[in-house]
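Shared chain: subunit A. Partners: subunit B in the first complex, subunit C in the second.
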Partner chain A sequence: MQATTAPAEKTVEPRLKRNRKSISYAKWGYYFIAPFFVVYAVFSLYPLLSTFYYSFFEYYRSGLKFIGPNFVGFENFKTLFANGDLVMYAKNTLIMWILGFIPQIVFSLLLAAWFTDVRLHIRGSGFFKTVIYMPNIIMASAFAMLFFTLFSDKGPINDIFISLGWMDAARPYQWLATTAGNRGLVAFMNFLMWYGNTTIMLMAAIMGVDPGLYEAAEIDGASSTKQFFSITLPLIRPILLYVVVTSMIGGIQMFDVPQILTNGKGLPDRTSMSLVMYLNNHLFSKNYGMAGAVSVVLFIIAAVLSFLVFRFNTRKEER
Partner chain B sequence: MKKALAVLMALAMASSLLAGCGASASSASTAAPASSTASSQAAPAEGKVLRVYCWNEEFKSRVEAYYPDYNKDTQMIGDTKVEWVITPNENNAYQNALDEALLKQSTAADDQKVDLFLIEADYALKYTSADAGVAMSVQDVGLTDADMADQFQYTRDVVTGEDGVQRGISWQGCPGVMLYRRDIAKDVFGTDDPAEIQKLVSDWDKFDAAAEKLSAKGYKMLPGFDDTYRVFSNNVSAPWVTDNKINVDPAITQWVEQTKEYTDKGYNEKGNLWSSEWSKGATDKAFCYFGPAWFIDYCLAGYTMETSEADGGKAELGNGTYGEWAACAGPQGYFWGGTWMCAAEGSDNTALIADMMKTMCCNADTATKLAKDVNEFANNKTAMKALAEDTSFGSNFLGGQNVYGAMYDSAEKIVMDKCTAYDQGLNESFQTAYHDYFNGTVDKDTAYANFIKTAQEKYPELKG
Partner chain C sequence: MSNTQAVRIRKGRSTLTLRRVIAYTVLILLTLLSLFSFYVLFINATRGHYDIQKGFSFLPGRALMANLNNVMSSSEMPVLRGMLNSFIVATGSAALSVYFSTLTAYGIHAYQFKGNNAAFKFILLIMMVPTQVSALGFISLMNNWGLRNSFIPLIVPTIAAPMTFFFMKQYMESNLPLEIIEAARIDGSGEFATFNRIVLPMTKPAIAVQAIFTFVANWNNYFIPSLLIDNKNMKTLPILMAQLRSADWLKFDLGQVYMLIALAILPVVIVYLCLSRFIVGGVALGGVKG
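And now, the complex of A and B:
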């Protein structure tokens, strides 16, 4: 901003010299961006630093009394890693993310390739783009609640299966009481919610590819499969990587869907408990020390992944 | 001039930003149009806002019906506005919300202070101990021993702190009974007479035998996993926690064994407490539910109706299984729940609260009305005794049966000396952790380990 205002100042200066020595418009720039920094410091930076600080303390509420804060060093972190829980929840999160992400990327690639294919020329693509994006607009909690009802032991899905004769009425499949059922549903919901978003992004990437390449390939007699794997995929790789990493960061923070679906319990046997749900359990009982420690671990994982994204983007520019 | 304007605009922008934060930080409290006018008037002796913390609509509906000064449409008592702050109970959510509010009590503006809050037996001690210092002694509120002479002793013990001071009061007693389907009883046992059925389920061995008979005819003894939990957990020999150590009582282990057996043999519908599978049992194949008076009226009656009252259904015989039920004492005596009113320390509405407590909890007329209108087992010995002996009095839902005699005897016998402040969280965690075991997902040891994990997340100071 300084750079652009400077020349303007110079031309105005001689006339104003009568009243003032100089006027710097640059400071207004700072005034106008100040609110962001104030808000950031109060609502993000301070909580972040206090989270780090409290992760080294024993600090929780028992009844209506606060215990602590007593400095305990790395005790909270030791507890976290010693009982293996954190690793297990990280594994749960990873599994649920991968289960959802594989169909998500496959479907998105397929749809994006179809919608951008000049020869197929699908009509009403605007309509379809809107429709596949729809699930993302629904609130995750409402979506999870819907699935909770649909897949309950005596819910409509089981009713349909029973009436089709695929299931024994006396022993309906307990979707929400089995590990596979729960994880599968969480993954399925995440897939449904996000494939539209990914499709739109990949379409933008594919449309950015020089059409001349496809024409040349066609003249050379390349099949559309060949074109997809040899032209489209390599050329959209940067966006593809971006999609993978942002989705992974979103995956680490997976919370709302499994939380609502399992009522915050991560049933069965805590196999659908995600990292953030675990964090939430500690926060819910006002255990600031342990919650702080979990947050710090999450922060480190997310920071590493963000760093990777940063590396991709900068490397692309260098090329 | 321009500069002044710019500064002004920047300030306006910044202040609107902060104002936005302020409003959301003070929590989206229930709309209180009256609160702004209250503070501008010359300091009244009584506050203009009565803030009530509770976990469902039950108390609200009771106040609407039995506290004559309450105006349902304006939510006013006289010129005092009643603000209902309702937070659901599960996963300690209500307690957390209440704790937040009570911890801010000393600094909150008068109209933002908690005036009245409700508690349950499962965690009463947390709020009624002298240490906590959050609930007023009922004597200080303005109630005398004479006012409470007619109440069941256990309802007073539950809310009495270690120092012997009573800090809450209840309008209901919650002796539990076993509720069973008359039509199923006739089909399987050839009789629906409560005295006969009681003989068939008078101890747990007989109860198991009855379950087997029911199963042979295609019925289920219980709708879910948790139905008999309270019956076992109220008959424990030691409290849940002693010296911060969690102790699983043999009675609770017995519940685990029974429920596992029932699940494997298909004697129950595998419902979690309060789930839709569980409540659907009432119109399906479940033979019995366990619950006290509030459960009958507030929950079960609703479950039994094929067409709910909201959809225009009537509470009458022929609508689902409504009216097809009866009650007997069951294998063991127990209680479940109950709601106590506590006046919050720092409230500026004590005179009003005292009047509410007297009208709703200490008045024999209210007690009789509660019983007659909504089948409540009210906390008034004289009134309940009279009803128990009244042969013309009976419940429509229970096919005209008068259960007040059975409940009265049971209420007299309830002893509440195994309570701890952790009961609710531990009961919930225990049931949840063992559902996996019943469903066959984990073995018993893993279920126990998961229970301890959840318990420690809720109460970091406890040891397994």
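And now, the complex of A and C:
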């Protein structure tokens, strides 16, 4: 950071440097950061505060008329927790996130360890990395639409299963009509979209580990499994935690995939409805009070998780 | 060499071979898993409706041009218009976001001013706030300003991109020595000109990575656009995907459905395949220091 370079300069030519910096140039710093902060204040901060504000009001559309805004205190929050929907959608989101995250972290660790293993020397790792990262850049809504067609009752996946003899042609599996099918597909898509990204992050972490440690372990005759669990895993723990928490923050924002896959309905019987889909429904039906309350809850969850990330980062710098 | 040592080395070699076999098998299976859905997509985009209904085939059909023509001439799903709209939004966002976030990073990196550190901390703090959380206030503000069915709310707010800022700040710390700026000053270069003529070219690799990521993110963005845009001619591709899903799709020509999905993802896939090394490298750069 420049905080470390500036004092060093000051000791060289104290008066001259300080004068130049503080008198003629500091204002440019303000000019340069102004557009960012103005845009943030107008398009994000003000909307955020007004969202919080709405959460304390009864304010919704009924037919063509708007009811409110009437101040109701914490009434929206009470309704939110009393009717059980929020808890149910939080649970759905958590289940879908975990189902996707477990294979994501397992395969990412495995692949990252393989790609960085000098003795194993994987050929074509550039090709593999390109392929496994690719789903991450695909439009999530198009990807979900694709899976909807692939896994429909008479879709290609069932066709293939039937021709392989894994499924009875008279009774094809209805992936999109079951809770397990929908949640499983959402989790599977999240896994496909994110394991490449995680692999690359973890690879960078592993490559930061002192190679001397592996050489020493090699001489001592430690197997690569032993090396992985005794050297790699403990040393990349900070980045591993970072990956887990940022993925959780991504998880609570889960929207595009379940929204498109289930046409916004969280089929069947709202069992694959995520928190943001719930927010989206309130926004569409113009129930601003309730939408505000859901937003506040989401904000608090995200804030707690971000605080954890912040803690990891500052601890890393202290070391 | 003693006997036990030789045994150990031989044993080591055979376990290495075994590990290689396992590693390549898993990698190939994951490759197939990652690519399979796209393979089916592009195969089925070349087949006609009845052909697709008869069952899956691993070989392409002959209806590529027919599907393409049908999709292009459909007035229900203005896909060309959608591609153009997505392109405008994504390009506009990438340009504004990268330029101003780099400018902000430079402002904090190169100038000592009161509140410098506080500004930096503030941006770190807001980095993790999900956009959905302020959506309600944002949507109602845009409605009040009469900016429904406009690209302004989709492009202008990206000027404040905390992630891009952070990435650029990190990059400048290791790649932009302040001495160069001092030198430019001595040569009489104005501060703003220094940024445009010296800093921007020097940070080009990082700028390119961030521009690509911002482009892709906005090309794919669905949540906010779906709440603000309902005019047929303004719809971006993700909104068309949602429309496709909610349409009575059983009546749709399946060849056209696959063709529409293919058109939505193809541009980004092509860009990705051309620049993959670069993009994958960019992910690693952003990751370690995050």
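Quick notes
The criterion applied here is as follows: the second predicted complex is superposed on the first by the 294 of 319 C-alpha atoms of A that agree within 3 Å, B and C clash if a C-alpha of one lies under 4 Å from a C-alpha of the other, contacts with A are read in each partner's own complex, and residues count from 1 in each chain.
We adopt the following convention: contacts are C-beta pairs under 8 Å (C-beta built on N, C-alpha and C of every residue); 3 or more make two chains touch, one makes a residue touch a chain.
Keep in mind that this is a model prediction, so the values were computed, not measured.
Once the two structures are overlaid, the count of subunit A residues touched is higher for C than for its counterpart among subunit B and subunit C.
Legend: residue contacts after superposition of the two complexes on their common chain; A:S50 is shown touching subunit C, with no touch to subunit B. Contacts of A:M248 after superposition on the shared chain: neither subunit B nor subunit C is touched.
When both complexes are overlaid on chain A, the residue A:D85 reaches subunit B alone and has no touch with subunit C.
Of the two partner chains, both subunit B and subunit C are touched by A:K154.
Looking at the shared chain after the overlay, A:L185 reaches neither subunit B nor subunit C. In the superposition on chain A, A:R270 contacts subunit B only, with no contact to subunit C. Using the contact criterion defined above for the overlaid structures, shared-chain residue A:F284 touches subunit B and also reaches subunit C. Of the two partner chains, subunit C is the only one that A:G208 touches; subunit B does not reach it.
Contact with neither subunit B nor subunit C is seen for A:I105 once the two complexes are overlaid on the shared chain.
Within subunit A, the residues touching subunit B in one complex and subunit C in the other are 28, 31-32, 35, 39, 149, 154, 263-264, 284.
Residues 28, 31-32, 35, 38-39, 60-65, 67, 85, 149, 152-154, 170, 174, 177-179, 263-265, 267-270, 281-282, 284-287, 290 of subunit A touch subunit B in their complex.
The part of subunit B that touches subunit A in the complex is made up of residues 6, 10, 13-14, 17, 90-92, 96, 99, 102-103, 126-127, 131-132, 134, 266, 270-271, 275-277, 280, 421, 432, 435-436, 439, 441-442, 446, 450, 453-454, 457-461. Considering their complex, residues 8, 15-16, 19-20, 23-24, 26-27, 30-31, 33-35, 37, 40-41, 44, 53, 55-56, 100-101, 103-104, 106-114, 116-117, 119, 123-141, 153, 156-157, 159-160, 165, 173, 178, 191-192, 195, 216, 219-220, 222-223, 227, 237-238, 241-242, 244-246, 254, 257-258, 261, 264-265, 268-269, 272-273, 276-277, 279-280, 283-284, 287-288, 290 of subunit C touch subunit A. Within the complex formed with subunit C, the subunit A residues making contact are 1-3, 5-6, 21-22, 25-33, 35-37, 39-40, 43-51, 53-54, 107, 110-111, 114, 119-120, 122, 126, 128-135, 137-150, 154, 156, 159-160, 163, 192, 196-197, 200-201, 203-205, 208, 221, 223-224, 239, 242, 246, 249, 252-253, 255-256, 259-261, 263-264, 276, 279-280, 283-284, 288, 291-292, 295, 298-299, 302-303, 305-306, 309-310.
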